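Across the two complexes that follow, subunit A remains constant while its partner is subunit B and subsequently subunit C.
The block that comes next holds the complex of A and B.
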């Protein structure tokens, strides 16, 4: 009985997999920032960013459509921006038939820009997690002076998400096994089912709380003193520095292009 | 005298008023391996949590000749390797390496030492190449072994294990018994696994309702069917 929350990491021996995780984290975050700061309607800049992404995906040897295929997960979040073309003032270019709602030109440009930005940013994040093991991402964040308490909180979350998911699976199975009904008996109300689900969430919370106390005791037993320490895992090599420099260049050029044109 | 466990007249009451230990006294000699048996809720785990100062009751606990006090707690925790029952509690790091390195890291050792200790600890439990593995993906038996490695890396003088064979399949249980047999440390092992007790431990301590009701040779315990039945144990 094991919940397999699919690990995002895909093992390969590519150039990208072999880079220092700090380089990858900085580049991915830098990419997301650069894409977000690119002005609306700078289509050439977006195209350039897309090419940069394609180059990275190519270097990862995961198959050129890898990130595109996974990026559809983030599609529902675009819904949040759906109202943008309708509420941005400007010349009307189209009216939604039946509803007669006006779609403005600057609104449409803004919406498409948001769409492209989020699509590119999501792919960068997908690629980062696919070519870097999660513990190494955490280590990179830590050595980049990300607050340690936050990093270790994320670390525990990653470790125990699976354990809690296992517990949920067990509870749901236990409930299903006892959810018998004599033929002809009335169905239980939604309210009653809600109560059962609520009680399950409550007991899951208590279990997690108790576990956290046991985990803390296990940490104390091995000398934990409240500060978080870690070992060095990677040393920056020449190719890491070169990659970092090249990546910076590839991000600054389209960003500058976007603002100048 | 080193490598000893010396508990004198230990009493512990949980915050909710439940008395878990009533005047427990126990002495374990250097290198001795002792089994701790008794029904659920008898106080086995509570007693074990006193041996490295996680819980503090009334009475005296001396480990390796040192009395457990505020000032000595760091030293004691390096000397006593406590392995929890549920390996998911024990293994809190993302990878096996990180977890086995945790103890030595907090002992303040230099990095090369930490790496070689992790290497040795994983070798001792026969999981040499497991450093990069993610804890969640291990089997039950592997998790138990890694849990033991996480304290072996601290090079403890005493091992305290809470139900090490619980939930293991026969093969994993067998290899764990071999491992416990081969480890040289002074050992206190709580368990419900009576066949393992008979096989591995010369001395057994029976605890029930917070009191030690038997402390002697495993052989004589196994012969005393009345006592066994009284405390809810069965001879296979």
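The block that comes next holds the complex of A and C.
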């Protein structure tokens, strides 16, 4: 898995960017929960949730295709669910030509529902990180009573993520630039190459450990007392409350109807 | 990315909601204990050390080496972190890594993150360290045995994490256990070799440059209790696997059986070992499944806890 290590936050001055991060985190998680709870085959409920997402993307001013373009990240995992149409019992609607495997109707409905849920959920998560600065997401999680130490640790990790990732990029480049092979010479064994990769990991560990000592000493010398204080403060304003209420309504109504119909 | 299709970061939508929530409950318990254990040992240094080492694991996962035919070996890191720093510190570090991958890069879902943390953080850490120390105890203190133990621990950690993932997908009705389990086990038996080789390579380097790091790790928190917890996790997994409820669509098999060709792909259903076993009262198959899994897990943990306490007592009495 290769990550795009540029900042995932896309700056804009939209309505969505200006909301309290807590509202955005609650709404995104609520959206994923609602999509996850939507019964299989409730197509119009899924369609409604898609429209809700489109509305949010529109409000973010990031361009209407912003989330769709990045939404195929979870695609490889579909392999795990590929057998669902073949193993769910029910009336056969199609046979795979050549193999003569039967595809059942409930199986296909279940498969498409899994796909839709995953596709909508990942877009909600993409939008959340695009319109909220990562430290503000962490601040929201902390004020929503997530374990403080864990949130601080993730925040610390975020701060040094790009530094350490840079080190790795350099190491990998250095390895690549020294890995020319004389044509005709035997290829080095897989085990040897694995050992080299392992040594890179080991030396990266030592560097990280040393860095953490230096950072800790620097923090102590600046008065660190074991508690990380953040300057980030948000107050829930009227429009935050209204947005939260509206978002809740937009999620609960289709979900309720989806179960009733 | 396409070359390792059966990766372990479960996206949202692939687990049913009750399964996902049960995962979060378990994950939060482990996170809470991990935070307390590392705070006792590290004090003020807890946040900077854990944070930077989490960045290390995240970055180290990008280091790979070619194995064969386009596949590459790379690191998950839970077992290595547990061997170097103890299982609780590893749990905390891996939790931060998985949270970052899910929150910032959308690799792995948010609602299902509890299971991602349990699979790739808790299970890899505890299975890794328990296997490592168990083999070391069996084989003695030599350098070779140390590396063999690390390799086995790293390999098994990935394998068990993959089995657990297959099980969660099966319980959610996303991937039948008869297909998912062998597929996951097979692919990750190979991926685990890469994990083992890199882990051993890292330990060799650390041994030759600074043995102090390794010795420091020996006193890491949770080393002694790790065996008990790992055994508990493994037993819980076995109970769940052999539970007839592991498949939420048992009647689906008869349907499969009617399919020519497809049947050959499916191995014998493991749950026929315990036929006609259901939890009465609750009739909904999904709910029964969750209840059975939770009950089985709790039962095993209680047993493991009693066993662990008695061994500790007898050790104390022996001193």
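One rule holds for everything that comes next: the second predicted complex is superposed on the first by the 245 of 261 C-alpha atoms of A that agree within 3 Å, B and C clash if a C-alpha of one lies under 4 Å from a C-alpha of the other, contacts with A are read in each partner's own complex, and residues count from 1 in each chain.
Please note the rule applied: a residue touches a chain if its C-beta (ideal position, glycine included) is under 8 Å from a C-beta of that chain, and two chains touch if they have at least 3 such contacts.
Everything numeric here is computed off the predicted structure, so don't read it as measured data.
Trainee: Spot which of subunit B and subunit C makes contact with more residues of subunit A, would you?
Mentor: C
Trainee: Of the partners subunit B and subunit C, which touch A:20 in the superposed model: first, second, both, neither?
Mentor: Neither subunit B nor subunit C is touched by A:20.
Trainee: Just checking: does A:221 make contact with subunit B only, subunit C only, both, or neither of them? Give me first, second, both or neither.
Mentor: Only subunit B is touched by A:221; subunit C is not.
Trainee: Is A:129 touching the first partner subunit B, the second partner subunit C, both, or neither of them?
Mentor: Once the two structures are laid over each other on A, A:129 reaches subunit C alone.
Trainee: Give one of first, second, both or neither to describe whether A:79 is in contact with subunit B, with subunit C, with both, or with none.
Mentor: Touch status of A:79: second partner only.
Trainee: Using the superposition on chain A described above, determine whether A:229 touches subunit B (first), subunit C (second), both, or neither.
Mentor: first
Trainee: Between subunit B (first) and subunit C (second), which, if any, makes contact with A:240: first, second, both or neither?
Mentor: neither
Trainee: Return first, second, both or neither, reflecting whether A:29 touches subunit B, subunit C, both chains, or no partner chain.
Mentor: Only subunit C is touched by A:29; subunit B is not.
Trainee: Is A:142 in contact with subunit B, with subunit C, with both, or with neither (first, second, both, neither)?
Mentor: neither
Trainee: Which residues of subunit A are in contact with subunit B in one complex and with subunit C in the other?
Mentor: Common interface on subunit A, subunit B vs subunit C: 134, 155-156, 158-160, 163, 211, 215, 219-220, 224-225.
Trainee: Please give the residue numbers of subunit A that touch subunit B in the complex, ascending.
Mentor: Going by the criterion above, the answer is residues 7, 133-135, 138, 155-156, 158-160, 162-163, 211, 214-215, 217-225, 229-232.
Trainee: Spell out the residues on subunit A that touch subunit C in their complex, using ranges where they run on.
Mentor: 1-4, 8, 28-29, 32-33, 35-37, 70, 73-74, 76-77, 79-81, 83-84, 86-90, 99-102, 104, 110, 114-122, 125-126, 129, 134, 137, 147, 149-150, 152-161, 163-165, 167-169, 171-172, 190-191, 193-206, 208-209, 211-212, 215-216, 219-220, 224-226, 228
Trainee: List the residues on subunit C that touch subunit A in their complex, please.
Mentor: Residues of subunit C touching subunit A: 1-2, 5-7, 9-14, 16-17, 20, 28, 31-32, 35, 39, 43-56, 58-68, 73-75, 80, 84, 92, 95-97, 99-107, 109-111, 169, 173-176, 179-180, 194, 197-206, 209-210, 213, 249, 251-256, 258-262.
Trainee: Sort out for me which residues of subunit B touch subunit A in the complex.
Mentor: 49, 52, 54, 74, 77-78, 80, 82, 84, 86, 88-90, 92-95, 98, 101-103, 105-107, 111, 114-115, 132, 134-136, 150-151, 154
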